[in-house]
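Labels run A, B, C, D and E following the written order; every chain starts at residue 1.
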Amino acid sequence: MLEIIDVTHTYGAYQALGGVKLTLAEGELVCVVGPSGCGKSTLLRCVAGLVQPTGGRILLDGVPVSQTPDNLAVVFQDYSRSLFPWMSAAANVALPLRRKGMDRASRRTAAMEALEQVGLAGAAGKYPWEMSGGMQQRVSIARALAYRPSLLLMDEPFGSVDAQTREDLEDLVLRVCAHHGMTIMLVTHDIDESVYLGDRVVVLSRSPGTVAGDLQVSLPSPRDQIATREHETFVRLRAEVGRLIRGNQLSPQET
Amino acid sequence: MRTRSTRVLRGAVGVAGLLVAAELALRAGHVTLLPLVSTVLLRAAELTVDGEFLSAAASTLASWAAGLALTVAVGIPIGLLLGAMPKVEAVVRPLIEFLRPIPSVALIPLAILVFTEQLHLRAAIVIYAACWPVLINTIYGLKDVDPVAKETLRSFGFGPLAVLVRVSLPSAAPFIATGIRLAASVAIVLAVSVELVAGGTDGVGVYIIKAGGGGRTDLMIAATVLTGLFGLLVNVAFVAVERKVFRWRHAR
Amino acid sequence: SGSDTGSTSTNANGPEKTTLKVGILPIPDAAPIQIAIDKGFFKEEGLSIDLSIEEGAAKALPKVAGGTLDVTLANYVSAFSIQQAGLGKFKIIADSFQAAPDTFVIMVAKDSPIKTPADLAGKKIAVNTLNNIGTLAVTQTLKVSGVTVNPSQFVPMPLPDMAAALKNGTVDAAWMAEPFISINQKQGAQKLVDSMAGPTADFPVAGWGVSEDFYNKNPKTVAAFQRAVAKAQQLASTDRKVVEAALPKYSKIDAATAAVITLGKYPTTLNEGRLQRVADLMTELGYLKGHFDVKPLIAAPSTAG
Amino acid sequence: MYELWFSGPVTHVFLTDDALDTFPPSLGRLLVGWVAASLAGIVLGLAIGRSRVLSDFLDPVIDFGRAVPPPMLVPIFFALFRIGTPTQIATIVFGVIWPVLINAVDGAATVDRQHLETAKVFGLSRPQVIGRIIVPSAMPKIVAGLRLSLSLALIMMVISELVGSTSGIGYRLMTAQQNFLITDVWGCIVLLGVLGYLLNSSFLLVENRILGWHSRARQNA
Amino acid sequence: MLEIIDVTHTYGAYQALGGVKLTLAEGELVCVVGPSGCGKSTLLRCVAGLVQPTGGRILLDGVPVSQTPDNLAVVFQDYSRSLFPWMSAAANVALPLRRKGMDRASRRTAAMEALEQVGLAGAAGKYPWEMSGGMQQRVSIARALAYRPSLLLMDEPFGSVDAQTREDLEDLVLRVCAHHGMTIMLVTHDIDESVYLGDRVVVLSRSPGTVAGDLQVSLPSPRDQIATREHETFVRLRAEVGRLIRGNQLSPQET
């Protein structure tokens, strides 16, 4: 569904991406991990059509991405700046739904439902600046989920929530993904999380980022917070990813 | 990216388009009482090498520069003070709002009685009119500072003054600069207007009075056009400086 | 006040103040001062003159009172009004300009239905200033034609704008002075009636004013100024060419226009009786409250030469 | 001044006939001119602030127009429209549009990039981006411009009434000046101050409604 | 050193803190964990004197905190907004050092040193908006560390960096803390991290936040990323904290 072919990006003279090659199949959830500043956000922004790659091509369903593709949602890393301070949480979530031609009432219902899913049923009327960091982040997740995109890009979406909420949100994303057949590209710093969530884990190398490893996660679905994490494959993959990030070296399997 | 030359070119096209449209409208005879655009431009060109006009322009320039400099020197500190202390602002707001809508034109006859020096009179009127954009934009600019940024410095133990100077001022600076840019044009307008109303030994406004006395509408409009042109140049200069200094703002 | 700034002569017989700031208007009324400068009359008296272009007597006289200007050209109607309003005490030290036939005219558009002054009843008339010489002359002129003008008929606007106002019908008539009469005539506007005829014939228009304070402190300067101006008045009243040559130097009346405009008179003496006539008409039409004696304002040259 | 305006009968809320004749037409023109200038300024400002091409073409024209003294344009408007209400409104519009326009350009040009990207990603339509992202973002600045221009409108109202008018506060001010009625001149000035204060106070009420989120978001601690 | 006595805070009508009681000894590193929106950031802001508690008292060295205390540094949760976009990374770090009366050269040296410690030696000249999220976060950590405060408040300071960098930063904080005898109050969502770093872990209850548990971490110093995390006490405490957050119930030990 999504083909990223030798994509490079340079900011002025600084090369952030050094030729990334990556393919996502329809309905796949791919986790992207890599050291800080290696170009993960840049890659996501390229896919979202927010910046033009300086080299390479990105194809979505075979068509080159030149503008922002249709039916896309993004959870930005800088979530607090991506919420609109003049709108309540519910309004922030409901806004993109206008694009779907939904009427006022159903927009409202969908927004409330999404907020409830992220545990913010009571905060629908709050403004972003009346919310804690974790709450803001959850609003921006709710906004993306309520939109039901076919391609969902998430940049460190659970960085500001507590462990319990994080697990709940992880499972929520897995559920929604499976149920609506979304394709998801999720950037995370948590190795456990990447293995737990992903159908595949892609490791980017130090800047300029290239694909240093691409691991298939063959864990049984549906995943379970306790059982999956105790699974032998999980433990092995986790170590593998860790080694890839640390050493930037390829695992024996792939050489 | 677009280059400076395309920008200049497009700007020139914009101005030329306006002028051509005006010329055509005038030639079509809808407004026979105004001199043709081409006539005015010719006169304007002549004025740029006319010694009398140039000395008039120099005089206007002096009161403009003096007025604007004082406006900035007075307006920004007061704006900072009021913006940083909402309680003080609430107290003096009625006074400001009372003074703001009083036309400087109405004050000129009274100012004539107070100022005997021509430059003082002109600068005073310029300041009176031009300080409001600086003041209001400074106050609004300060209200728009990100509280997290302010808290950051406060948490390091900086006092209110340091927070004002190191966070609020730089972060409001672009908006204050816009206020100054507005004020610069207001100051031009007023520098000429005060001459128009109060007369004097020289100045563009005085030149326009003379032209009016002789029924030379073409010269009046030509002088006005040159005034506008000066405003344009001033603005270009301001924008160029703003672009350089506030690069962080557009890149963000 | 600041009237004694500027260079002061050490010569006991010379003027107390040698550099004078003089307010003028860029209209024919002020021609003699330019003549006096050009011919060196001021220099002969030890005076040097800084000309300041004024927007009107109403702004110039307060400047004289405040000391920004030493002397100004002022129309008498303004001068008397200001004096009575208590905004300053003035002395008229020389006469400058007096109406002649066709120097102040009520004009109408080319194809105007208005053919006689009587047609102006209830019509809108443009004047450059309200409650001044224009309204005074128009009111008096129409009175002769049996029309009583309501002050609300007067529409104030700058002289250069009157052509447009006549053309697009914003006003029905306009009271104009030279050079606008000539300019508008060239564009097709018509003279309806001379506003300075009959009761207003030879109407005194403008003279030179100083503040009483200045007058008291600088008698020799005033006398020197009077002598210089008198010589110029003399020239102006006898030789039109001199005036034509002077006009383009302080105003934007070009030589071609200067050659064709109708000029008023440049009186050589300051006559109390003539000025009292202005005051009396002002009183009659309600511009002044009660009788106004011009005598205290008059400061004619001590020796008539 | 008191006698001039406020010694009228109780039935007219103490305003004299004179005042009743003078205020409504003046204020009517002021409001029409201000609203027209504000709308034009906001629309044009947002367009220029968001479109480089448009800003390239129009910036010089605008900067030129800004520096032209409005009193000098009265004769031109006057030749174009006819003296009276149209010319006066044109003068007011021309005089007060600049602060709104410039601040709107500034506000629209500096919308937080992240906001725009969010809107883009969710595929908001052009009108939605303008109406729901750009306008609210630029609103604090636009409002500062509106506030500046409101008092300016009062000033331009006076200036527009100085030429060719036979009624209005500006006309009263001018006749008072030309008749050397200094108390009346002061009366007019005080009246303008009071009117300006009242207009501004009403404006602040509206501003509090529009920008409530902003001041509360910016207060925080 | 720091005494928080029955502190409550209400935003308008909403009660965020419901009477927090907590004491920090000199040189202690206390980690605060708790569900999203429970008032952790609010508590930190109260201690920093940025908001006034609506009830209770905060004493620093016995003196009530009314203004921002001297010699304090804060790493804000919303790090990207707390950096000044008109200054380079180095300038951002150097700015607070003016308070210390340091001259230009030594401010610069200190800033460069701190940036190097957080792995940003090469990015000193970059502006915040030219940096990735993780880099921005590290700048704000460097700023706080360079300041050498006696009390350091950190709100989710490592949320946006990769696992490897995170460990490095954790150890950096431990080192600096030990070396300069700082008192640190650190909010985190990572339970492992709280146990690894803290001398004590304080668990806040769901909003309005109160102290639901206060655990002494008796792990040997210096901590070590591998050895400590394998330590039996670590495993026990981690489970304990997890249980406290999840259930909000007190552990058997403390009842």
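In this section, a residue touches a chain if its C-beta (ideal position, glycine included) is under 8 Å from a C-beta of that chain, and two chains touch if they have at least 3 such contacts.
Bear in mind that the values here come from a model prediction, so they are computed numbers and not experimental data.
Under the touch definition stated at the top, chain A and chain B share these contacting partners: D, E. With contact taken as defined at the outset, chain D and chain E are each touched by A, B. The pair of chains sharing the greatest count of C-beta contacts is B-D. Averaged C-alpha coordinates give centres for chain C and chain E that are 83 Å from one another. Centroid to centroid, with C-alpha atoms defining each point, chain A and chain D lie 47 Å apart.
Centre-to-centre spacing of chain A and chain E amounts to 27 Å, using the average Cα coordinate of each chain. Centre-to-centre, using mean CA coordinates, chain B is 17 Å away from chain D. Residues of chain A in contact with two or more other chains: 78, 81.
Under the contact definition stated at the top, the residues of chain C that touch 2 or more other chains are 58, 158, 160, 164.
Among all residues of chain D, those that touch two or more other chains are 75, 79, 112, 162, 177, 214, 220-221. Of all the residues in chain A, the ones that touch chain E in their complex are 11, 14, 33-37, 39-41, 77-78, 80-81, 119, 123, 130-135, 138, 155-156, 159-166, 189-191, 242, 245-246.
Against chain D, in their complex, chain C makes its touches with residues 58, 81-82, 85, 87, 126, 129-132, 152, 154-158, 160-161, 164-165, 168-171.
Partner chain B is touched in their complex by these residues of chain D: 52-53, 56-61, 63-73, 75-76, 79-80, 98-99, 102-103, 106, 109-110, 112-113, 140-141, 143-144, 147-148, 151-152, 154-155, 158-159, 162, 173, 177, 185, 188-189, 192-197, 199-201, 214-215, 218-221.
Per the touch definition, chain A reaches chain D in the complex via residues 45, 48-50, 68, 70-74, 76, 78, 81-82, 84-86, 95-96, 98-99, 127-129, 143, 147.
Those residues of chain C lying in contact with chain B across their complex are 1-2, 21, 23, 25-27, 50-55, 58-60, 62-63, 65-68, 158-160, 163-164, 167, 179-180, 183, 250-254, 257.
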